[in-house]
Amino acid sequence: AETINYRLKWLYNMSVAGDLYALEEGFFRDEGLDVDVKAGGPERDAIKELELGYAKFGVASADQVIRARAKGAHVVVLAQLFQINPLQWIYRPDVVTLNSLADLRGQTIGVTFGGNDETIMKTLLAMGQIAEKEVELFSVRYDYTPFYQRKVHIWPVYRNSQGIFVGQKLRDAGEPVGVFNPEAHGVKFVANSVVTSEKVLANEPDLVRSFMRALLKGWGRAFDPANADKTIAIVKKFDKDTDLGVIAEQYRVTRGLVHPDPNIPIGTIDPDGWQQTERIMVAQGVVAKPVAILSHLKQH
Amino acid sequence: MLIEFDKVTYLYPGTEKRIFSDLTIRMERPGFHALFGPSGVGKTSFARLLTGALNGYDGQIRLAKVGTPLYSYNLERLPDWSSVGKHLEKITPDAAIQRRDQLVEIFGVEACLGSRFSHLSLGQQNRINLIRYLVQDFRLLIMDESLGNVDELTRERILLHVKAMFPDVLFLYISHNVVEVAKFCDQILVFRGARKTPQTMMVTGQNHCLEGQLDPQGLQRTMLEIMNAS
Amino acid sequence: MLIEFDKVTYLYPGTEKRIFSDLTIRMERPGFHALFGPSGVGKTSFARLLTGALNGYDGQIRLAKVGTPLYSYNLERLPDWSSVGKHLEKITPDAAIQRRDQLVEIFGVEACLGSRFSHLSLGQQNRINLIRYLVQDFRLLIMDESLGNVDELTRERILLHVKAMFPDVLFLYISHNVVEVAKFCDQILVFRGARKTPQTMMVTGQNHCLEGQLDPQGLQRTMLEIMNAS
Amino acid sequence: MLHRRIYQFLIIYLLGISVLLGVKYSLNLSDYVIPGPGSIWQTGAAVFDSYLHDVMNTLGVAVVGQVFSICLAFLVGIIGRQTTWFGSFIKVAAYNVQAYPIVALAPIIFILLGDGFFTRLLIAAMICYFPLLLSVLGVMSEPITDIEHFYRSTGRMRWQLEVKIRAFENLQKLTTVISGSATLAMAGTIVAEFIAANAGIGYSIRIALYQSDLSKILVALFLVGITLAVYQGLLEWLGVFVRRGWAAA
Amino acid sequence: MLHRRIYQFLIIYLLGISVLLGVKYSLNLSDYVIPGPGSIWQTGAAVFDSYLHDVMNTLGVAVVGQVFSICLAFLVGIIGRQTTWFGSFIKVAAYNVQAYPIVALAPIIFILLGDGFFTRLLIAAMICYFPLLLSVLGVMSEPITDIEHFYRSTGRMRWQLEVKIRAFENLQKLTTVISGSATLAMAGTIVAEFIAANAGIGYSIRIALYQSDLSKILVALFLVGITLAVYQGLLEWLGVFVRRGWAAA
């Protein structure tokens, strides 16, 4: 059978546990599919690969989807993998107190200019009625030195991966760690979702159905506490460079982001979240006008 | 055959001293001729004007029936990636193979053929280089100190044989050796500098050949003529 | 003063032909001496052994009271970033300034001082280069064709004056001009090749000086001796 | 020469754009993957001023970085030309630093230098100096016997003179490399900004990448290219000038 | 020569580590900013095998990339040496490509080539070829009159011969540059892996950065350095060999 390329958003790690689980446990094979789960990376864009025909399915964040739609890409969302956006801010509670948005005032805050976290942080500031000049936004790179050296006290991380590494280091050094979650302050900004192109959805509905069945089965089983050890082992197999202890911790945290509410099945698309994401992006001027995002959500 | 300089004036760009000033010269017959004159007078410059390596002169330079003039000088080098023998083989046209072997013998460089150019003595280098030119198909060859660093005996042998082998071409031999020039050359163009009039004088040499008799008195006379001219 | 080669055997690494084989030579007095012999016989090699530029010989080479021997040759160049006059100024020790000006005049290169080296004719280049060495403080200078491309008149003037100016140093003059060598040199070391016995012969030249009379018959005799030796 | 460089650059740029647009239309790709000419033009008009300002900023650092690199390359080249233990040690050190991709060294540089102007300069210089170094080493380690003989045998040779002789004889090669290295200084600065800085066109490119906005990147590439064409044209002209000047001093 | 290179590298590496540790202890920085020696050692022991494997993988690509670069540099250098319009056009094109930092070009390369082996190779070659090009251009555009005169005046000069003459006369310079460029091929490959993120030590460095694990980076730098010392030692030896071989052919 034809090999189906599935382009992830990031490198192999706990954030793609369900995808790996489906692959390793043969769920795709059971559906008669030959799927290649390809690692993503910073310079990769699954939506572009869908268009170029390099991949049939991919993982993209909501802002990518909305940007792409705004530029005429025919991309649709099939499932939403994270119910809570893992992009959060880590801080040292002994240095700053962050109980309300107002506490942000006067702080030096790390953001990746051009990235999601900039959009999210600016939204938070707007909601807290904090002018941009009342805080100092610090341009974040891929290394954490300014945070480690205490030049910046509030630093964006992916809660379930980097957050664990960094938290671990601070804890090893005997320092307390706090996490600032935008969603707790009313900002819902959707993260990773499974996408495909309109063409694939229209021309190969069976393929989409069986692919999604296998995939969501993978995610479901992976985060069933009964399979925790197996999931951890599978992730370790792909992510050799991370310690087992860290992976276990990542599993615990990721589970809380992927499946926070037993009543909401894994993969459920949250239309409110998407709408808010779209509103935020328009408000922040990231896209010029709404893209009618609801009509491109095709829950599977 | 014709070499004609018609009121040629030349000075190197950026300098003020004229090397030639309305120089007019005509040479018409094949043979072993010389360019003679004190160091710095302009012999090399003359040769380079003739071959077209220098431009930007005033006046006219006309060449006829001399093909592409060749110019050999004593700083030339052969690439060092193979022996000089191999290089000679490579640049010898088929028709000249025999000639090459003869030349190698006359020039006394058989023993050098297996060496790289940089491993030869200066006189050996110059001889090898000259052979390269002599195996080409040429009508006019300028030899600018091409036999520099070669001992007199060898040089004499070389000159006599070369003259015999190439009766129909025009050589312009540049050398500072009065005796040699007077003895072996046919026409001797003596350069006297741009400020003297005339700038050049033509002396007729003894043109001594392989099977000719040298007239010692004639030689003395020619030498005197050359000395007086220059 | 002493130059002594004691059973020196030398061959270039990677070759099989001995340049010298148990060569034994001794020169003891200052003066204008010559190294003579056919092209490729080993004159340059001899000079380079003497200055220490070549090593790996068998036997002994002894120098005494000659300081650091200097070796000048006819392919040397001056850097082109300033005029040769400036270069000369730079490398002339204060004590030799007057000597330099004298030399420039004798060598006939006043007109060249303002030019870059690469803009000179070959004979001019060689003269400028030689002056550089002559203004140093030296006891032994080897001139390997250092007057190449210089016309005979100028050369004669140069040799006579240099001899007069430096009565106490030892020159080794390498040239292929028999007449010149016979006329101006004191001791003439004729190289005959490693396979002949003896490898070298010492001929006494006419050692003609500025205010001396030249004996034409003596010159003829010396020339014959040299020709026979080589 | 200068305006030839510029229109040659324009030809190349247009060729590049044409290939991209060719791919776009033949594969029927959306503006998200490859922007259309209209979108490039609009973006260009919108960001031109601020990008031009960024490019000038970057160029400023690049020029300083290049000068610094040239000094460094000559320093290392002059020390490393010697066949002594120390010479070869310096060479090994200089090579090694280069082998490490800047991305791996960056965290260490940040720790040591913080993330200000100096970091940007250092990274730019590190990327730019190596090709210079290679050439300088090549030139400096080859004796020019016919010129050096006199100075050596009369005991007049100093390292400064040796360096001067070899540099002068290879002036053409050195000026070629120096004016060519402008390119690298620019690329180096952009990379540095990409990794480290909060200013310059490299920083803007990074933001455009995060926004997945190829139009902006194409505009940035245009500005970088044209600036470089001008800068390099000037350098070449300067090279000719220096050669003439030194030869006529 | 080879083992000298290796122990010189060791000295440099130890010097580097000492400086870092010096900074750590003098500024009293915690282990997460700069890891202590124990932690570096442990990490080294843990990842040595897998990193060594990665480095070898990277080296393989680097070698191919270098060969490719050398060919490219000679090709462009030989065409660009001419003072014709086309020659200068090729030169401008070659310079321009270099001016664009790879990070800015990467998205375009991915669009055009996908993410296979070729992308990695192309990026490595692009980083490596430029210094080579500069040297080749410098060497190729300078006539060697004393040798070329004969061939030119007898109408025997072909471009192959011209290239051969100039290359031979500058063999020392060219081999210096070629063996030096190994460093760049390695750096280029690592950057490519860092960007394209699929395999090799560049990929591992990326992960280590993501994990904020400086120990791992230091171990990776060690392995890269030592491998390169060996590779470059071999290349230099090869250079000597080639020079000798060609001179004795």
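Note that the chains take the letters A, B, C, D and E in the order they are written out, and that residue 1 is the start of every chain.
Basically, contacts are C-beta pairs under 8 Å (C-beta built on N, C-alpha and C of every residue); 3 or more make two chains touch, one makes a residue touch a chain.
Given the structure is predicted, the values throughout are model-derived calculations rather than measurements.
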item	value
Intersection of contact partners for chain A and chain D	E
Any chain that touches chain B and chain A	E
Interface composition of copies chain D and chain E: same or different, split at half	same
Centre distance in Å when chain B and chain C are each reduced to the mean of their C-alpha atoms	26
Separation of mean Cα positions, chain E and chain A [Å, integer]	36
Centre distance in Å when chain A and chain C are each reduced to the mean of their C-alpha atoms	86
Distance from chain E to chain D - Cα centre to Cα centre, in angstrom	16
Interface hub residues of chain A, defined as touching at least two other chains	43, 45, 48, 52, 143, 145, 149
Residues within chain B bordering two or more other chains	75
Per-residue overlap in chain E, given as positions that touch at least 2 other chains	33, 103, 107, 111, 206, 209
Graph class of chain-chain contacts, one of line, ring, star, complete, other	other
Which chain pairs touch, all of them	A-D, A-E, B-C, B-E, C-D, D-E
Footprint of chain A on chain E - complex, ascending	29-33, 47, 50, 103, 106-107, 110-111, 114-115, 195-198, 204, 206-213, 216
Parts of chain D lying in touch with chain E, wherever the complex brings them together	4-5, 8-9, 11-12, 20, 23, 33-34, 85, 88-89, 92-93, 95-96, 98-105, 107-108, 111-112, 130-131, 133-135, 137-139, 141-142, 172-174, 176-177, 180-181, 183-184, 186-187, 190-191, 194, 202, 205-206, 209, 214, 217, 220-221, 224-225, 228-229, 232
Chain E-facing residues of chain B, complex	51, 68, 70-73, 75-82, 91, 116, 129, 132-133, 136
In the complex with chain C, residue positions of chain D that touch it	146-147, 149-150, 153-156, 164-165, 168-169, 246-247, 249
Residue ranges of chain A in contact with chain D within the complex	43, 45, 47-48, 51-53, 64, 67-68, 71-74, 112-115, 139, 141, 143, 145-146, 149, 286
